[in-house]
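We just call them A, B, C and D in the order they show up, numbering each chain from 1.
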Amino acid sequence: MSEAYLKKEPCLLEVQGLKMLFPTGGSILGKNKRYVHAVDGVSFSLRAGETLGIVGESGCGKSTVGNLIVRLLKETEGRILFDGHDITAMSARQFKPLRKEMQMVFQDPFSSLNPRKKVFDIIAEPYHIQTKMSSAEIRKNVEYMMELVGLDKSYQNRYPHEFSGGQRQRIGIARALALKPKLVICDEPVSALDVSIQAQILNLLKDLQEELQLTYIFIAHGLPTVQYISDRIAVMYLGKIMELAPERELFEHTMHPYTEGLLDAIPVGDPTKRDEEDKPILEGDLPSPLNLPKGCRFCSRCKYAQQICAQKEPELAEVTPGHYVCCHFPLIASEEKKSE
Amino acid sequence: MGRYLLKRVVQIIPVLLILTLIIFCLVYVAGDPVALMLPPEAGEQAKAALREALGLDKPFYEQFFIYIGNLLRGDFGTSYQYNQDALSLVLERMPYSLQLAGVSLACSVVVGIVLGVAAAHFRNSPFDLLVNGFAALGQALPGFWVAIMLILLFAVKLQLLPVSGSGTWQNLVLPAATLTLVTSAKIIPLVRSNMIEVMQQDYIRTARSKGLRGSTVVFKHAFKNTLVPVITIIAMQLPTLIGGALITETIFAWPGLGMLIYRGVANLDMTVVQAGVMAVALITIVANLISDIAYCIIDPTIKYQ
Amino acid sequence: MKQTLLKVENLEVKFKTLEGMQTAVQGVSFDVAQGEVFCLVGESGCGKSLTSLSIMGLVEKPGIVEADAIVLDGQDISHLKEEKLRELRGNKMSMIFQEPLTSLNPLFTVGNQMDEVFRLHQKANRAKAKQMSVEMLRFVGIPDPEDVYKRYPAALSGGMRQRVMIAMALSCRPKLLIADEPTTALDVTIQKQILKLMKDLRRELGTSIIFITHDLGVVAEMADRVAVMYAGQIVEQASVYDLFQKPLHPYTEGLINSTIRLGDGRRRLPTIAGTVPPISKMVSGCRFHPRCPYATPACRENAPPVIEIQGRMVRCIRYAKEHKQEGGVHV
Amino acid sequence: MKQIKRFFKLLLRSSTGTAGMVIVILICLCAVFAGQLAPHDPNAMDLTNMTKPPAWMEGGDWSHVLGTDNLGRDILSRMLYGSQISLVVGILATLTSGAVGMVLGLVSGYYGGVTDHVIMRVADAFYAIPGILLALVTLMVFKSSGIVTLVLVIAAISWVQYARLIRSEVLRLKGKEFVKASKTLGASSGYIIFHHILPNVWPSFIVVSTMSVAGSIITEASLSFLGVGIQAPLISWGGMLSDGRVLLATHWWVATFPGIMITVAILGITFLGNWLRDVLDPHNKGL
């Protein structure tokens, strides 16, 4: 979808200053309780029909953001506006009708399907919980959904273990889309699958988006996968968004050193282009989320880091229209400065 | 690690309270001991006086608090049957129980671990089958029947060992053998299945890929990893061996805690019963705590459950 | 042409199951030159890990390994006794695994586990072993080797653990290092670090590496030569440049095309239809034919021969037709 | 129908499983048809036929195949009737403790928090007293020895293992993505428990229950042996053993046959349980 078209669409989801702290350790009496800042002030908005990719390494909090939006977790701070309603202020009962508007596709095709239920019952579950359909209607709907995701409807009396990973992921997608949600959160939906199957599932997700006018949040750890499906991409590092930009823009005008490191780390996929010289790579390990560096959380691994980076934490700021960066010295900007 | 242990210790307090409540309830329901304590010809007045003296006329909760207070002061009451302090009775019998339990547990652990590891190593061989059969039989045989059969064979027919009693090491053999059979039968399958599971772990493959000897892989890398569940089951067996061995103790006339409690029950001497049960429960709790400490020593990475 | 270090001929791995004998790896032959990085690539269940485990002699019961020959450095190890094989493992050949989380024993310190290798193969005493272990840890780029030496694996990050595994595997300067998906469980930036480390070490030590992966991107980055495996067979073998320039086997072609690259957002990914058949229900004829866009009735009936074309090998009937009798045909 | 066929196919594949099943079925038949099978009235004393040895021994005859006890009662008949008590007590105690343990384990695992703490500490307290001891004291205190009391007492000492097992299973399942998926659909706790947790807890519950029947039978026999369990005129294997104990040196068969009977019964149930564990294991694709 073109960006100009997207701009006209209303805002479907707005996340404001989302924080999630998990308590850890501390004495029994609650003294010196320490917290893991899994999500530490995340804000973004999402237009209807758009796909936002969230990318980052393990422990960056990308899945926690997904879980917070569908209310599997209760945030510590912040607001989530869905279709204009503040869903963080709602009770479980008030929120229940809204649940059918937002669904989730999970990572593990083995743990996401109840091993003791037949495919039919798995896909019928949303109708049982959210609607009062007759069993004939449910059957019709389930068969339609199975066809939609490319499953033969003769499979409906089989158990999940009789299917391959890719087919199970199709079942999971059918369940998520059964109630025609507006927003679908895909939490690493292809990372457990084989290469040839990944492409099948990604294409399916793309087709379904077009057909059902879906809005996606696509969470993954691999930039190529995220970029294949997303309109805009948010790069997360240790609970914060480091860079948020339209997909093209992010690659062509990379501004954050971490994004640069991520891009450089992607294997080239072409043996003639592998340079034996080895350009500098992102060194070091993630710092422990319990023991974040003061100032910018990336400064311990950043090759451009200066004094201020270790003292003052940068804010996510719009550097060029639609391109947000959380860095004291965004790359393009500093290069421009140099050329001046 | 320190925090983990501290948490376990703190958890003991409510358990002790609930335990006391259970035991107190049993005593309370058992009813009025006054009739047993006084000679049959004592009049109503004497009974009422004794009740008041013992605090038995007070409401349930008040009695319970008095009871806890007494326990805290180490006062477990006096046994009317032996006319002796219940606590000292328990302490008198304790060494016998510990002796029998200690010997049986040591034997069971040795037998259980050796046979379990060997069976896992020779998985699906005739030897494995034999060990499995032994374990299944050991779990199926009622302990008291084994005891009787052992007496029949070794004491009555062969006359190698004494029928019952205590004092010499010969007296210990048959009861310890009975308990060892039953207990090791519970340890063997656990050791075996754990060992098999551990042998399939990635780090075992790593150890083998380094060229380590089969015995090093089994006894160093695998064995230590099977210890945590093994210690759990060992800790679970201890109370069964101390208080739960009452049938074995009765059959062999071994003067341990189990027999003391059994006699107490038979004679409705509730002070002895509650002191004995309390002692066994305390030993159980301490055993569990020790096993928790053992986990921490074995596995340095242990965290909250 | 460099000297051949490892030659595997007609390797077969079978499993005895309740349903009967099942062949997981069949007719696998390849060789690895000294100092070469040889990539085995394929999807899960294609037999690439089993192939490497059989070279190490680590296939567990009920698996049965049969091979005409596995020659390592001039010595046929396919029929060696376990004790003899053990002397080679960790010494002349060693292996690192996919899961750095579970591949180190959680109950022993890094140092303890590293020392074992030196004490076993080099008969080093405790102090000497420690010194060598610390040296080795430093060698693989661990910043504070003395500290890491004392730690338990749980206290290390995934990348660190994989470095420890590499250090341990390279302790005795093996001629052959088998790396079974060593970066799959790691984050991309850490993967890059580990790949760079392995390249550097190869250059420095001249170790031959069999690198097993499902990721063609990693193959393009690491390999000298590549073997593509599908359903227990090698379907294509070529130098990495030839393979990426012109894949011969339809499966290789499909695999390369369906790999997502940066900048793919505007095109639609081609896919390989269907899924891999399970080994218990292996199809007749060419194992790939149900998913192959070029399949003909002949593919369904006859197992395709292995064709040799210009130093490459491919298991596909299409090339048999083109090169009727010229290419030496082995079956 | 397909399931039943598959069940038997799996059963016949395991020799111990088959043996266990056969033993369990035979014992059930003995219990149900005790009245028809028993050659004598189990409580009929026959002072002319006291301590008669089994038929194959000198002095025995086929009217009392396994001999008689010191009151001249037919041992075979008593054993057949004894299986009724064993099975009834074993099954009822298992059902009771299973139900209690299941509910408490579910509540404890699913809701967590204070409820979990309270239930688990009570479980710890019960666990700290050896079961047989607690049963003995309770039975004495309540001065009643009917089947109902016995069942309740055995249930009271064995609910803990269920509660702990179910709780750990629930904790494991709670983190599964299919439970999360159900939550994102707005499913109530009840729906999740009944549709997702219970069907997956069921297999381990069945395995533990089978083993628990065996445990309850042993406990009943032990208590009857101690004289606080089943009382005459009801017949229990443990009680028979207790009667035979004094005759051990002179008339071994009185105590031996009930002992063998208990052992065989427990072995059969354990074999069946082990087989069920293998078959119902979710990694094993299962029934």
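Operating definition for what follows: contacts are C-beta pairs under 8 Å (C-beta built on N, C-alpha and C of every residue); 3 or more make two chains touch, one makes a residue touch a chain.
Everything quoted here is computed from the prediction, not taken from an experiment.
The minimal number of chain-to-chain contact steps leading from subunit C to subunit D is 2. Here A-D and B-D were compared by C-beta pairs in contact; the pair with more is B-D.
Between subunit B and subunit C, the centres computed from C-alpha atoms are 53 Å apart. If you average the Cα atoms of subunit B and of subunit D, the two centres end up 22 Å apart. The residues of subunit B never reach two or more other chains; the list is empty. Across the assembly, subunit A contributes no residue that touches 2 or more other chains. Among the residues of subunit D, none is in touch with two or more other chains. Within the complex formed with subunit A, the residues of subunit C that make contact are 43-44, 157, 159-160, 187-193, 195-196, 199, 214-218, 220-221, 223, 240-241, 244, 254-255, 258-265, 268-273, 275-276. Remark: subunit A residues 67, 70-72, 95-97, 99-100, 102-104, 106-108, 111-117, 122, 125-126, 129-130, 161, 172, 175-176, 179 touch subunit D in the complex. Of all the residues in subunit D, the ones that touch subunit B in their complex are 117, 121-122, 124-134, 136-138, 140-142, 214, 218, 221-222, 225-226, 238, 241, 245, 248-249, 252, 255-256, 259, 262-264, 266-267, 270-271. Touching subunit D in their complex are the following residues of subunit B: 11, 14-16, 18-19, 22, 26-27, 29-30, 136-137, 139-145, 148-149, 151-152, 156, 239-240, 242-244, 246-247, 250-251, 258, 261-262, 265-266, 268, 273, 277, 280-281, 284-285.
In the complex of the two chains, the subunit A residues touching subunit C come out as 57-58, 164, 166-167, 194-200, 202-203, 206, 221-225, 227-230, 247-248, 251, 261-272, 274, 278, 281-283, 285-286.
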